[in-house]
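In the two complexes below, chain A is the common chain; its partner is chain B in one and chain C in the other.
Right, the complex of A and B next:
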């Protein structure tokens, strides 16, 4: 169907015609996300109600037009890219509902609400919404739900999916369903809630979510521990966890990350250590005092080089600043950051570090490693220049080898960023042919015309990793 | 196919022919579970390996013979009942693997391992497997996985599903797949792990599971609080949770439960109170001391009648004994216990109690209410005699009205017992036609010949609740 006719049909179901964008400049601003590739849609609709979404999808399904749901476009895996043209369904403007119910300890939210706003609203009632992706101040809950976003607090509190107890969803045929509800426990039939969260917009458009909240921990305590050997750091992490302590965060930075940060904004970090581990304890004040002692003992006993305990809230913030600066620091070196999130079982972290160093040497790539080490969710980041096609070919090979290493060590392609377009070529490597086929069966049975976010998760025949925008 | 021919075919794929049961007495011992109905299978196989399960299911799929996976048969909803005859696949004898890996903080288990054994094995490493269904000393992890079992600790720690990170599964076509893995975070494709857990054996047979373990809390503290009004108890529960305290357990017993226990085994409980709430705090010793003070303050401030704090481990056990005696106490009154688990949002607990009392009066049934009040997961139990068909008709009506009340109050048919045969007739009431259809699509796409646990979850045309064995 030509765009003009499509727009005419859309105007019949969209009340506010200004929510339909067809201008070239507008279309281009919806053609990319925080990963790779530029794909211009035919039309963008800023949807603001369930009935609108339902009507748009019914129309799209009838005419077999691809629909690409989108939040703020912070995806690192290509989730919202309109790779087959069609309609981009921008849900980021739909933010009218953010209700905290302290009695039921839930939040009910519209898809366009920013994730950090949910936590802020919960805090007013002495509650928290634990999932804390680094992008939470700019990313929408809708995007977080589609990708099942994680974050540092995942170690103790789990990821987005662990907090979703109910959804309103528009199916790929435009029908409106409700999954789960307002109760924490629910075993009535298949768990569609947890199937849809993390399905990257391929099984339905989430139009409302009911999220669990948790009591706010009384206090937090941060410490920074330096290690001359990443294997020793790995041992410390395992020993802390098996001593009965579950920190709220355990983040690692490798030597390359530390050097990048010191070059960017000197903080007095020693650049000759192999690893820096940031630990946050949370909970009751007396408990974390005691746990702090134990953590220090464990670290010393395995042979840490230096331990720095934050004495004030300001010192706590200072320590976390180092971790926050990694991303801005590394993109100063080269403009293109390939941010992976291959995840391995905790016991394999030292081996994964070794493999990453080998890959770095083999392909001569600028690799830095940091991330959520407590749950094995590392972030190997390669810094490159995407205009340099030769360099990008090496990067592609290095990335593929990173995935292969993670899977060989019993891990997974993605801990929290999702598959999208970028990791689709590697799905079968992890899941096997039948495993992938069972996922495809669900997709086909729900979306027979393949209109919802087509071109994602499932590899196209012969698809390979391409880290350029061309 | 006649049974003789089926057994001949099975003998070709089962190494140990003594694992094939066809004797009438044997078949009858597999004809029931802890719910209602007697259904005799054609043959029982005690399977002990993945390849055996795969071969059995391939055979069954080819010849369109129903297969009913079964653990210890403690299901309260009819999960393992062979309602269409065929093969019962007894997995309770397959218990060879129970490996605790303290480094990765996981347990890897065979389906026939008893749930309590997993927790006991974890404790040896200072870890716990938190899900604690009341039946955990007799029920298998395979059954718990199929039904997504809960338990008192669900309030703080969640249910079975929250602890499953990887599965080996035989599909309805006999293919072997692995879902998830050994990492806590995994967003590679659809979450088949959480889809299969709780699917009541209709989407696959779980042949191995990887379960998360948690650090063992340092200490526990139990207290019993008596209330003259269940509404006041509800207020106390909400206020405790919103004051930043998350107890590990919060169990309620209504007056009828207390009276039943006192009649059965006098413990000195006051029989004139409206509700008794048992609370367990766990965590760091200093933290729970402090939390105990706060809980007492909250209870007093809303107007509790009496608070009894356990001073020793023995007193703690004494207090919990009251709760444990409810089930044996009530079946002494009449032989048939209809144990429901309708669950409502926490704020609706007082209203649900009111509705339950109205239903009790309307249908003149022996109704007692107890359960996991902290998460709204009540257990309204009706005591009757299933041989009295007239009484059972009233019970059926009462049960239906309990489901209706739970759904009206924003709750669900089942918090932890599953749908099975018993609640299938009410599925559409909660899910709507399209919601149910989306579940059916998954079932059809995975199990085109409908051989895995047919007759469960999804209602047959015109199916209604029948609480007799005929």
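Right, the complex of A and C next:
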């Protein structure tokens, strides 16, 4: 169908015609996300109600036009990219509902509400919404749900899916369904809630979510531990966790990231250490005081080089600053940042570190490692220049080998960024032919015309990893 | 005319993470990615690649306030200002090709002659009022230079300050000695709009500097900073003005060049950017830029002779160009807090632009008012008695905001210098 005809049909079901964008400048503005690839859609619609979404999807399904749900476009895996043309369904402007019910300890939200806003609203009632992707002040809850996002607090509190107990969803045929409810316990039938969360917008459009909230921990305590050997760091992490302490965050920075930060904004970090680990404990003040002692003991007993305990909130912020500076520090040499999230079982962290160093040497890529070490969700980042196609080919090979290493060590392709377009070529490597086929069957039965976010998760025949925009 | 080019290579520094979105006032009010920093950077890139025409690029670029709040939150240090300015210059060059001779003359008159010429500004009555009263409005309308001229220009009239009248205004002297042992030797930058419409603020600034222990010299050779020209893409004219100022101030041995105008200050500290790769001027510009500071930076290092308490609830609306470009953030806050009796309440979302943005509020009145309405929502959350500003544009805009909300009798808007002068018992 030509775009003009499509727009005419859309105008019949959308009240505010200003929410339909067709200008060239607008279309180009919804052609990307925070990953790779540029795909210009035919039309962009900013939807603001369930009925509107339902009508759009019905129309799209009838005419077999692809629809791509989109939040604020912070995806690192290509989730919202309109790879086959059609309609970008922007849900980021639909943020009218953010209700906190302290009695039921739930939040009920529209898809466009920013994740950090949910946590801020919960805090007013002494509660928290624990999932904390580092983009939570930008990303929408709809996007987080679709991608099942995690964050540093995942170690103790789990990820997005662990907090979703009910959804309102528009199916690929435009029907409106509700899954789950408002109770923590609910075993009525298949758990469609969990099926939709993390389905990357391929099975339905989430139009409302009911989220669990937790009591706010009374206090936090941060410490920084330096290790001369990453194997020792790995040992310390394992020993802390097996001593009965569950920190709220455990973040690691490798030597390359420490050097990058020191070159960028000197903070007095020693650049001859192999790893820096930031640990945050949370809970009752008396409890974390005791836990802090134990953590220090464990670190010392395995042979940490230096331990720095934050005495004030300001010092706490100062310690975390090192971690925050990694991103701006590493892109100073070259602008393109390929952020991976391959995840391995905790026991394999030292081995994964070793493999990453080998890959770095083999392909001569600029690789730094930092990330959520407590749950094995490392972020190997490769710094390159996407204008240099030859370099990008090496990077693609290095990334492929990172995936292979993670899977060989019993881990996974993606801990929290999602599969999208980027990792689709590697799905079979992790899931096997039948495993992947079972997922495809689910997709086919939910979305017979393949209109919802086509081109994601499942590889096209012959598809390979491409890290350039053209 | 230089052959303007889009800053294409700079667009590659953007990793499209989107962290700039919540910081962008036009993204908040206009609601589309097209009007966000990430969106604009991408559009400059695709325009440079020929996938978007310059006319299609025009609206998203023109709607940008240039507040540069995005640069502060950018985790990869993208030089948004440079990308924006390159786009403005290219668009202007393109536009001039299609302009009638009359329109070109007007553009030239406004930026080359009127702004840098104090006599003309004074005679016209200055700024927005100048614009109306001098009949330029009619000319502009006829030439369609500013094709979105606001219908409600008169709304500015109500909020224009009672400037020191032409006859009343004392002729400014050249030298003002420190009241006590001099600590710094200061060259004072007066600005053009500031020194006419808000000349009393300049007068008070000089007096405060004297009181705090500064020898102050107001050199006659200085001229307009070039900020408005630069924001319009008039790069050659900006460079011309910059050279005149650099040359003028080089003749003296000042410790600092001080101004009380957030917007001009931002231009002055970035003069070196204008001469990138120019062997004759780059270093001279850098030396000059380094000497330029906002008055709050100087006063914050010295002590002021406070004479009375100001027992009021005040809030501070920072100037974007002062925070985001000059990076002067703490000093004004420290100064406000140092005033006896004052109760400073932080303005929620203070880092959001008020929508004034040079002459944005004149050219894009409706869009500017949407941004102002957002700002006033924050103001109403804390209901202060006084709003403190540090830039004439913000000053007028906040007054307009107060006026539009019908709060003129409850809230007064002052420049930081006026508040300090009040506490020091100056007239």
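Here are some notes:
Just so it is clear, the second predicted complex is superposed on the first by the 470 of 470 C-alpha atoms of A that agree within 3 Å, B and C clash if a C-alpha of one lies under 4 Å from a C-alpha of the other, contacts with A are read in each partner's own complex, and residues count from 1 in each chain.
In this section, a residue touches a chain if its C-beta (ideal position, glycine included) is under 8 Å from a C-beta of that chain, and two chains touch if they have at least 3 such contacts.
Note that the coordinates shown come from a computational prediction; the quantities given were computed from them, not determined experimentally.
Put chain B and chain C next to each other and count what each touches on chain A; the higher total goes to B. Of the two partner chains placed by superposition, A:13 touches none, neither chain B nor chain C.
Within the superposed three-chain model, A:415 lies in touch with chain B and out of touch with chain C [touch as defined at top].
Residue contacts after overlaying the shared chain place A:114 against chain C, while chain B stays out of touching range.
Within the superposed three-chain model, A:123 lies out of touch with both chain B and chain C [touch as defined at top].
Of the two partner chains, neither chain B nor chain C is touched by A:309. The contact sets of chain A with chain B and with chain C never meet.
Contacts from chain A toward chain C in the complex involve residues 21, 23-26, 28-34, 46, 72-74, 90, 93, 114, 135, 137-139, 327-328, 331-332, 335-337, 385-387.
Those residues of chain B whose C-beta lies close enough to touch chain A in the complex are 101-106, 125-127, 147-148, 150, 154, 158-159, 161-162, 171, 175-179, 181-192, 194-195, 197-199, 203, 214-218, 238, 241-246, 283-284, 286-287, 290-291, 343-347, 372, 375-377, 410-419, 423, 427, 430-432, 434-436, 438-439, 441-446, 457.
Interface residues of chain C, counted against chain A in their complex, comprise 12-13, 15-19, 21-22, 31-34, 36, 38-39, 42-43, 46, 51-53, 56-57, 59-60, 75-77.
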